[in-house]
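Below is one structure. I have some questions about it.
Going by the order they are written in, the chains are A, B, C and D; count residues from 1 in each one.
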């Protein structure tokens, strides 16, 4: 099973990455650090003459790398009660790819995947992170992606997440599920 | 009363802007089109030695422009069930400004403001836009901003919003409230 | 078009009823005041030998009255950030009706209906009433009912709702929609 | 530490009760099965002359039993994406107790408590149970109760919950927290 992780964080070895490590430990995964790629904001040209203009940034290379993945893991710190702006820029661009003749089967390939969300926040994330989970549910529903599960973790200072035993346990459960379906 | 509008959209005269026009009609407002400013993604350096590194992009000039506003209007198309990535980049950077010695009173000045949200989406926004509203509630709560009201509108093609009589009416109610407290 | 209103309130001419009046004005509707019927709490016997035991209270007569309605209006005051307990008792019992051999086509008939929700609350209902709306979305999704719209109103003291011009306007829009499809 | 459990379920040894058992195992708790008490629906007489009329059902005896508890555990099956009607009837009545001269310190005593929610559902509760958690957050906020944590579990058939290892683990974590603060 091919697994790709999309990291939305901006800190090396941040809490979100540490928690995600519990999920992907010993599995062969494609790690994509969104911060290392230039992703320009979507310009909504759905209704412009000529449609969307081609953009030459780092975005398409990411789409190419997740194309064959059966499992996507969206690993994001919770910034202001949602995914990081970096990850949002990436997802916003899907609107363009859905209309890109170079990617005629984008929705089809996405709809065959399953996805997990790993999100770590510092301000009562078990409650205040719930709108984020609902947003992902709508995103996945739209694309036909199966929402296989999520883990919310609590952490502020580096390493805090290692104290969140529930989040660690939940991450290990996903690890087991991914392992057994390898 | 000083009013600043923060536009998150990327289309000129898009539905969100048209709806916002109903709110600010005849009022003296500061219009800020976030897309016209370069805002680089936050790099979370809260825990780095030396803290956040100064960034020289267009972000601070926006903060300067909203500083004296008593009312902020966040006007965003609903992209993927949340605010646009462009607007999210802007809000994410608040984490830096909160620790920026050049802006020692950032939270204080923000907490004296009231805010409205104008959001237009194409996929059942009255239901699927609700997590966005909840997210803004948490954002405003954190900053101490008073959440004065919101309008959700439905629209896909350019101009669609003019058919959403409920959204237009709600926008006019805010217009009246702003007018009478001028 | 046959319309049935299910009232969850307990006060005569309460704010919810006044707001609903704006929706159904001049329309021929079946008004059902849930408080006037005895509805005992569901006992979950889905997994009991013999299944659900027949209950002889006022519940089935309500189901009979809404059977032919094409439109259902759920009109409830917001008690503790959700529908009234009275209305919840009514909906909980659907679990029994779904397995009741006397109502073999319950889900089928329900799935052909469309529904509106009218909800009035006193504690910031535009924000704190949103989980209630999401809950109704899930309820309707499960039954296959089409969620045609909702109105949230604000009111505490009797008559307060008449000051909520947005809610009144929204109610009138539903009135128009129902009228034109008569 | 005094702990009271409020059960909203209607099935003996249902999944919610089994999961709650993991939380309270070996602790001295007051178990209150709401289904064993007659709780009539609230009649909203906040604005009636004379106020609320005294009701002689089983409700007040429950309030008396939880009065001294430092921890409240709300254990409810998820019926139609919220708490059971039985539990909702109980909470609705708080509106009366808040104005009951026999309970002048009701809000004060409640505001000194902390609360947990244990909720088990059969239809994707990790997503569709989130509005229920948000409703409880608002309920606790209103009363000043500290929301100490929640567990969502998945289960349909009797005993299913024993397969939900994440829910069981989360329950055990609460057990540990309660034990150590005994």
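As a working rule, a contact is a pair of C-beta atoms (placed from the backbone, for glycine too) under 8 Å apart; a residue touches a chain by one contact, two chains touch by 3 or more.
Quick caveat: nothing in here was measured; it's all calculated off a predicted structure.
Trainee: Please state whether the interface between chain A and chain B is built from the same residues or different ones, using more than half shared residue numbers as the mark of same.
Mentor: same
Trainee: Matching residue numbers in more than half of the contact pairs is the bar here; say which of B-C, A-D or A-B clears it relative to C-D.
Mentor: When the contact pairs of C-D are compared with those in B-C, A-D or A-B, A-B matches.
Trainee: From the centre of chain D, which other chain's Cα mean sits the farthest off?
Mentor: Greatest centre separation from chain D goes to chain B.
Trainee: How many angstrom lie between the centres of chain B and chain C, each centre taken as the mean Cα position?
Mentor: 35
Trainee: If you average the Cα atoms of chain A and of chain B to get two centres, how far apart are those centres in Å?
Mentor: Chain A and chain B have C-alpha centres separated by 24 Å.
Trainee: Touching at least two other chains at once: which residues of chain A meet that condition?
Mentor: 130, 134
Trainee: Connecting every touching chain pair, does the picture come out as line, ring, star, complete or other?
Mentor: Graph shape, chains as nodes and touching pairs as edges: a ring.
Trainee: Which of the residues in chain B come into contact with chain A in the complex?
Mentor: Going by the criterion above, the answer is residues 9-11, 14, 35, 41-45, 47, 77, 79-86, 88-89, 91-92, 94-95, 123, 128, 130-132, 134-135, 138-139, 142, 157-158.
Trainee: In the complex of these two chains, what residues of chain C are touching chain B?
Mentor: So the residues of chain C touching chain B come out as 126-127, 130, 133-134, 137, 147, 149-150, 165-166, 169-170, 173.
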